[in-house]
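Starting off with a structure, shown below.
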Amino acid sequence: MDSPLKTIISLRVRYGETDQMGIVHHVNYLHYFEVARTELLRECGFSYKSIEEKGYLLVVTESQCRYLKPARYDDELRVETWLSLLGNVRIHFQYRILRGEEVLAKGYTKLGCISPERVPTAIPEELREKMKPYVEEPSS
Amino acid sequence: MDSPLKTIISLRVRYGETDQMGIVHHVNYLHYFEVARTELLRECGFSYKSIEEKGYLLVVTESQCRYLKPARYDDELRVETWLSLLGNVRIHFQYRILRGEEVLAKGYTKLGCISPERVPTAIPEELREKMKPYVEEPSS
Amino acid sequence: MDSPLKTIISLRVRYGETDQMGIVHHVNYLHYFEVARTELLRECGFSYKSIEEKGYLLVVTESQCRYLKPARYDDELRVETWLSLLGNVRIHFQYRILRGEEVLAKGYTKLGCISPERVPTAIPEELREKMKPYVEEPSS
Amino acid sequence: MDSPLKTIISLRVRYGETDQMGIVHHVNYLHYFEVARTELLRECGFSYKSIEEKGYLLVVTESQCRYLKPARYDDELRVETWLSLLGNVRIHFQYRILRGEEVLAKGYTKLGCISPERVPTAIPEELREKMKPYVEEPSS
């Protein structure tokens, strides 16, 4: 079974992302996920900006994150993202956040495609095709 | 079976919490959860501030949120929180966010108690006692 | 000379608003200013939400803040706001942030009224009238 | 008169940094300033992280920003920073934010150096030396 394509981005922790525990405040991992998600779409040739300009929205319907080890100010982090489900209307993104070889966090977000009328709608076929290589096959 | 005690707080959505979809950006729900969690501890007579001053930390090890309906700028929201697990070291908080009678989001956070040496440690017994009425009995 | 009316709000510092210095990260004061500004408008009978719904925007064109003493997690803060200028198109809000009698920060924001076409436009007369008592007379 | 050295960074606007006006929420410019400031220090060979590890803090005592044109989601921005004052205890950073050749915002932050005892202290001489080329000469 082939591994899926993954989008990998780097980012550096900003001071304002820390809290008084001296570590990255946990909500910021969801911002990092979002940055990675944007880049996966760009790799597919569909900037999320252009998707919204065409009247579609990808809305987050569920998010989850497990915080394994703390990230700290000025750390260079790597965020990996790929898909675990590419449905007609729904997309599930998976994420891992690493510092070097250490996995700091794992999570997912579930998104739904909605039309300008704010009702669920099919993901444009052209976009779905481009995203297929990023889908992880379920292990059997 | 009795219902657990719940902490209920009100808050008003800030402008800076919206995004260009015209709704509350999804990460902010986790901030709202945190505000509610702080108040549950205060109701137990243990401000989280005083817990940290005694050298304990409650660190978030997992968060999840399901976004059912969007919250908007200036909405008055109600955040309810209670516990689904009160272990030796671990506490699981449950949350619901409502606008009037509409449930907008549901989620949980798992926290672990750690000592000043940054190793897992038992939740102080006095605090555990006060939190017990907030624990939801598993349905049988 | 009479003092202007002031809008006074209370808020409690959220954990996620601190940084690793153990104090409120400085950018959050601007969020507090915004919360206070929203309430001044509400006191005038014009929720900012309704202003946007009528097609007007009040956009921030300049912000300034002087940080005198640090605010900390769980502090109950008081934010005062009033106006130093109420022009045809421009409004200048002044702010003070206090903890008890201690002044922690002072600042201002300058805002401009713009129309749905995104050009500068006069502040609706009805709103201007209501805001006049909040204007601080220049000292002579 | 020579121009000062400037630190120039690039960053891309995150979705969560927008607000319901469809533009970058104004407080985020201060986060961008902070990212640029961190890089200026790194160029001087003193990561801000290492400065804090040695027990010094650089605390923001004043911030100002003028918002000239809106930045939008996914924009690639350039942030320039240099110094307008390098005192014994105080440093004033200047900033410009650009998209291509358009200047979107200008601002400054004033910082003071404080010791682990949280009292004002002289900026370490070695760091001051490295920062001197970044100081803009006052025009005469």
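Per-chain residue numbering starts at 1, and chain names A, B, C and D are given in the order in which the chains are listed.
Criterion: a residue touches a chain if its C-beta (ideal position, glycine included) is under 8 Å from a C-beta of that chain, and two chains touch if they have at least 3 such contacts.
Computed from a predicted model, the values in this text were never measured in an experiment.
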Point to revise | Intersection of contact partners for subunit A and subunit D | key: B, C
Exercise for review: Could you tell me which chain lies farthest from subunit D when each chain's centre is the average position of its Cα atoms?
Suggested key: B
Point to revise | Where subunit A and subunit B are represented by their mean Cα positions, the distance between them in whole Å | key: 24
Practice item. Starting from the mean Cα coordinates of subunit A and subunit C, work out the distance between those two points in Å. Key: 35
Check your understanding: With chain centres defined as C-alpha means, what is the inter-centre distance between subunit B and subunit C in Å?
Key -> 29
Exercise for review: For subunit C, write out the residues touching at least two other chains, lowest number first.
Suggested key: 15-16, 20-21, 27, 31, 34, 73
Review point. Chain contact graph: line, ring, star, complete or other?
Key: complete
Practice item. Note which residues of subunit B are touching subunit A in the complex, please. Key: 20-21, 26-28, 30-31, 34, 52, 57, 59-67
Review point. Taking the complex as given, what residues does subunit C use to touch subunit B?
Key: 12, 14-16, 31, 34-35, 38, 47-49, 73-74
Study note, to complete from the structure: Within their complex, subunit D touches subunit B through residues 15-16, 18-23, 25, 27, 73
